[in-house]
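Both of the next two complexes hold chain A, though its partner changes from chain B to chain C.
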Partner chain A sequence: MAPTSTPKDSELRVTLRQWLERESVFRVLPLLPVQLLILSLLAVPFLLTIYISLLRWRITRGFWTAAPWGGVTNFVEALTDEDFLYAVLRTFVFAGFAVAFELLIGFGLALLTYREFRGRRVYLTVFLIPMMIIPVVVGYDFSMLLVDTGPLNSVLSVLTGQDVRIRWMSDYRTAQVAVVLADIWQWTPLTFLIFVSGLSALPPEPIKAARVMGATRGQVFRHVQLPLLKPVIVIAVVIRAMEALKIFDMPMLLTQGGPGNATETLSIFLWRNAWVFNKISYAAAASLLVLVLFSGVIFLSIWLLKRERAQLEEVRP
Partner chain B sequence: MMRRLGIAGMIATLVLLAVGPARAADVVPGATVEERAVNGAKAYLKKLGVEKLDLTMMMVSLFAKAQPKYLDEWEKLTGIRIKTIEYGYTEIPAKIMADAVAKTGQYDIYNHQMYMLPDAVEAGVVIPLDDFAARGQPYFDDIPKTLRSEMYYKGKLYTFFTDGDQTVLALRKDLVELPQARAAFKAKFGREPGCPDTWKQWEELASFFNGKKGQNFYGITLEKDLYGAQEYRAREFGYRWWQGRFSSKNKLMFDRNMKPLIDGPEGIETTREMVSLTKYMPQDVFGWGTPQNYPFFAQGNSFSISTFPSIVGYANKAQGTVISGKILPCVVPGSVVKGKLVRRSVQPAGTNYMVSKYSKHPEAAYWFLQWFTGPEMGNRAVADPDGFWDPFRPSQGKDPKIAEKYGSKDFVTITLENARIAVPMIPLQGNREYFDALDVNLQEAFHGRIAPEEAMKRTARQWEKITDDIGRKRQIEAWKYVVESGAYLDAEGF
Partner chain C sequence: MRRGRVAAGLRHAVLGAWVLVVLFPVFWMVLTSFKDAGDWVSWPTRWAPFVDFEPTLLNYRQIFYIGGTTQSGELRREAAEQAYVIWKGMADSVVIVTIASVASLLLGSALAYAISRFGTGGRNYPYTILTIRMLPPIVVAIPMLIYYTSIPELFANLGGARVEFFDTYSGLILLYIATTLPYVIWMMLAFIDEVPRELEHAARLMGAGRLSTIGKVVFPLVASGMTVTLLFVFILNWSEFLLALTLSQPKVLTLPVLLNKFQSAVEGRLYGPQAAIGTVVTIPVVILGFLIQKHLVKGFSFGMIRR
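Up next is the complex of A and B:
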């Protein structure tokens, strides 16, 4: 017997078809499976992290399903844990110094090389090399360079005419400097690359116009190039700040977070608690607090970026 | 006879007669520990009905050169092939713990260091080996009591080892024997220079045997700066040496309720002694591990070093050494406690082998452990110039190949004495958290940022918190087993 359709069915089919043909629906529907997949990939671990942070789970206490409920204990402990709070502070100080120097040096180098000149490509290549080296290799190289009887102290001895014996990796203050130095050496090329691209892409007309009107090089730079570069600077700050706040490899390779806790950054703190002390729940709670903190930084950066773009749109003809 | 035994004795005799043969029948045949292991492995394969079997070992990368030849030999003997997956020793604890969560069954054997055992057991990732051992009859009787205790956790056998790794003190014999130096030292300290009995005497030696480049040092001109001492002061190292020194005060680190005893006079004195000796060390020592300490000593830069036993073989044979044949190995110094000299070494590492709970063939894995760490095979491994396994069984003192490896028979005798008095590093769950707290506070003291008293007070406070967090009751139970097993010999405080 052939299937029959009632008027009600055909009415429903028409409605469904009309609904599917609506642009707002059609635009979203094909992407929905992928969106759901991504959401589940992100949401499941995230929700699990929240749940685990509310337990009192150490790996040495069996599987997490058997761990006792801890409520907000881990969060309270983290917020009153000196080591955690110092790790937060230390990380922001590291990132602050490292990013500031990377921006300054990167910008300076970009100003020297953004115009065409003979051998420019060689300079560009050389300046970009550090960024392409694997961090482990950079860490190892720096640990060799910074040995107390190593090349850096030898060079400083020759330059100063004195026997310089700076304990780069074993003194509380200099170890922090050493970590920042290594980070600056490796990541200045990234800011350099961003600035070279930004400077090269600046529209020539406003610069030419300013020159025609008698502006000096300094005035052109201050009143024309720099304002136009603001979005690029913000991008460089955001990218480098986000990376620098996650710093792990350099302090780990150079000092293992020492001496004492002098170079223990947030990433090392979290790693140590999770995988050395097996305190998974505590590490989960601390990482969620870090997430909240970093989200604040990221939202601030995005807001800055948007504001700069808006201002730039206003001045553009 | 029957009357003397009484009814209870008769019953016991009957039970023994009944059970004894059955037990004896369970024991795998073989004249030696190794033979029984091979026969046990073959019998296991026969039971499975296969001729070959593959196992996997998570292995410390330091043994990448030495271990494979023994694995090949085992395969030829039994048909069991053991693949290795290598990691640095600092990475392995996290890998084992990850396996405890993921339960992959990828590994049959874990190779790491003795202090890893309590966490591995509590995480349920390794199995007790007592039942296998009852059939294989391994031989532990000649292993020093302190080291043997580390093979057990809460009374059960979990791990085998073939590496003493206890600390040793080495002096520069050529400098000690300088006639003018001997006379001057005796005039100053009232005794001949040589192996020190106490930590204080070592510091006296360090204060005497040091000088600047170009200086005339009791008849010889120093070609480079000479430092008085080397001992680990870097993060991840210093706390290990502290535990040996503290144990020589004959005090336990915890009492029976897990209250830390390290903030008492013994702990403060230990830290003070370590801080004080640091002034005779190169300033670089704060960042040095073994790869830096060994060559520095071998290149003739310092008078003395407290480190692993392999320093003697290294300083005698390494390329570029300038002190070959000029080393005076010593039993570690100690402390005078109640009029008695107490010397304690520590086992800062100690390569061990454990069987994974998730192994599909734990019995096959067990037989390898028994074979490789047995008295004969163990001696071969210790004698292996490619390996980092150090002596700990008395029989190893008579082995000419082991003496050849270290370049000195006297040294082997001395390191065996150090093995006899080598205590473990806190063999409790969460020990790396206890270590870290001690490590960080010691670092602060070594750098002069806080006083030794404060360092110990802070550490004790943190240890209390760690104990409470892990569970005081379960730590008390485990600590009781440790102390009663003789791990710390006759130390007081329980």
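Up next is the complex of A and C:
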């Protein structure tokens, strides 16, 4: 007899197994670690932010427990701060442009590649590459391309026959475009992937039926495929929008928010205030305002997602 | 039949154009990684290896610290001093990202199963958890730093052992798990929802326990979905910059933070070594993506299609 399986030991194991078999245990057990993690990791800092935002604390002036009370002055200051308001506007404009192009290009490419044809695998492989590169690397890469002795100016010189040495990152307009372009380059693969996935998962029966009944390809696309695909489009918009509004890495590496603050998005604004200007309390107040602002976006996206899911479940057998 | 050929040609033209857009920046990075210091930003731009410039492996030897000198020796010494951290950056990134991604996958999959089968947390739970992902990390990062740096004192006051989260593996790992859980839950929920409950009922009727039902019936059917989810979460964690920048260094140094540091005080940006690191850290992820491409292309519809 094996020495390890004493009667007591096996009894314990049987009880444990029986305990695990209970539905009530099975239902709740996976929730515990997740809730614990979220509460301890996100709820506490959230309360901390609220408290700090009401102080007048700068890192340079000792520990936060000793900082003077400030009340709502930080909030008033933020709401009247032109830099903050412009950063809000800029973030939404950047995200708007980036997401719009990512969706359009991603969808177009997906339409051309979701069916089997010769060379499809090669295209798929290549198209997914940018998404797998670290954004920091993409930032460096684009700064190499756009440096005044870089390949872009080189090509332009050949095309125009002149010596083109434009400093792309010093002009606020082109710097803004560069940040958006880098984001499009990096994240179009994700929308592409979502759309290819969705298109190839569409049930073939309704499409065949429509074709049999004499619908053209365009009609099938408009009246059969597109409606079926709507939930996928919604989730692509939601996922990309929520990531794009957080944009930080690209402008941080390409331009550090400059020239001036032409590419200063909300994340960079908060970053600068907290760690460069050491105005922690002010940054905390501004980030709470950002949260209020974002909660509008969050509610909207969740409402959209819920509606799509509800419709899906209705038709589900 | 001719119309079909024109269409196919057009398709290849459009797709080929996008291939160029995608590959050119990658090509330029790889090309720069083989250039010596004098060729990084020289004008006219150096395009062709062996014709315009002499390709060199110096950048690679530099970043892996295998020695070597070049025209601008001083600059190179500076790079070499930073070079020893490359290995450390790699090790830190691999450890943190692997543990965080796998833990997130396991926790999230278990919860997704409970949500799918028992409605754990209520109808709104998946949406509630998605809001975590919508919080900008910078909003989390500021209080997080204060929180993490206060933890040792808080716990020391309680009389416990010294717990450190700031600038440690565990600090970043916990945060990475929390920030990627929403995606894991959403993706796995879609995969698990597709597994017919009847299969599980059958297994249970034949006397299998809950755990072995999951192991033998559910797991094989969602394994490819789990692979896809793992890769996606791995990419997100592998790329994470802001939280690592705030909550680690100097003891823990992940690759994105390290890359950001890899600059010369003398010469500004060290394009060559940067390009070499960029190439080196990109290759493994691209290969991984290529290997599971088949699953990737099927697994990204987030349960938004009725099959």
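One rule holds in what follows: the second predicted complex is superposed on the first by the 253 of 317 C-alpha atoms of A that agree within 3 Å, B and C clash if a C-alpha of one lies under 4 Å from a C-alpha of the other, contacts with A are read in each partner's own complex, and residues count from 1 in each chain.
We take it that a contact is a pair of C-beta atoms (placed from the backbone, for glycine too) under 8 Å apart; a residue touches a chain by one contact, two chains touch by 3 or more.
Note that the coordinates shown come from a computational prediction; the quantities given were computed from them, not determined experimentally.
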item	value
Which partner reaches more residues of chain A (counting touched residues only), chain B or chain C	C
Chain B versus chain C as contact partner of A:R58, first or second or both or neither	first
Which superposed partner A:W19 touches (first chain B, second chain C, both, neither)	neither
Which of chain B and chain C A:T149 touches, first, second, both or neither	both
Partner chain(s) touched by A:G260 [first = chain B, second = chain C, both, neither]	first
Touching partner for A:V234 - first (chain B), second (chain C), both, neither	second
Contacts of A:Y172 with chain B and chain C, given as first, second, both or neither	first
Chain B versus chain C as contact partner of A:I194, first or second or both or neither	second
Contact residues of chain A, present in both the chain B and the chain C interface	64, 147-149, 165, 275
Chain B-touching residues of chain A, taken from the complex the two chains share	58-64, 147-149, 165, 167, 169-172, 255-261, 272, 275-279
Residues of chain B touching chain A in the complex	93-94, 97-98, 100-101, 119, 122-124, 234-236, 282-287, 292, 429-430, 432-433, 436, 440, 443-444, 446-447, 449, 469-470
Interface residues, chain A side, partner chain C - complex	17, 20-21, 23, 26-31, 33-34, 37-38, 41-42, 44-46, 48-49, 52, 64, 105, 108-109, 112-113, 117, 119, 121, 123-138, 140-145, 147-151, 153-154, 157, 165, 185, 193-194, 196-198, 200-203, 228-229, 231-232, 234-235, 242, 245-246, 248-249, 252-253, 266-267, 270-271, 274-275, 280, 283-284, 287, 290-291, 294, 297-298, 301-302, 305-306, 308-309, 312, 315-316
Complex interface listing, chain C residues touching chain A	8, 11-12, 14-15, 18-19, 21-26, 28-29, 32, 41-45, 47, 107-108, 110-111, 113-114, 118, 120-121, 127, 129-140, 142-144, 146-147, 174-175, 177-178, 181, 209-211, 235, 238-239, 241-242, 246, 255-256, 259-260, 269, 271, 274-275, 277-278, 281-282, 285-286, 288-290, 293, 296-307
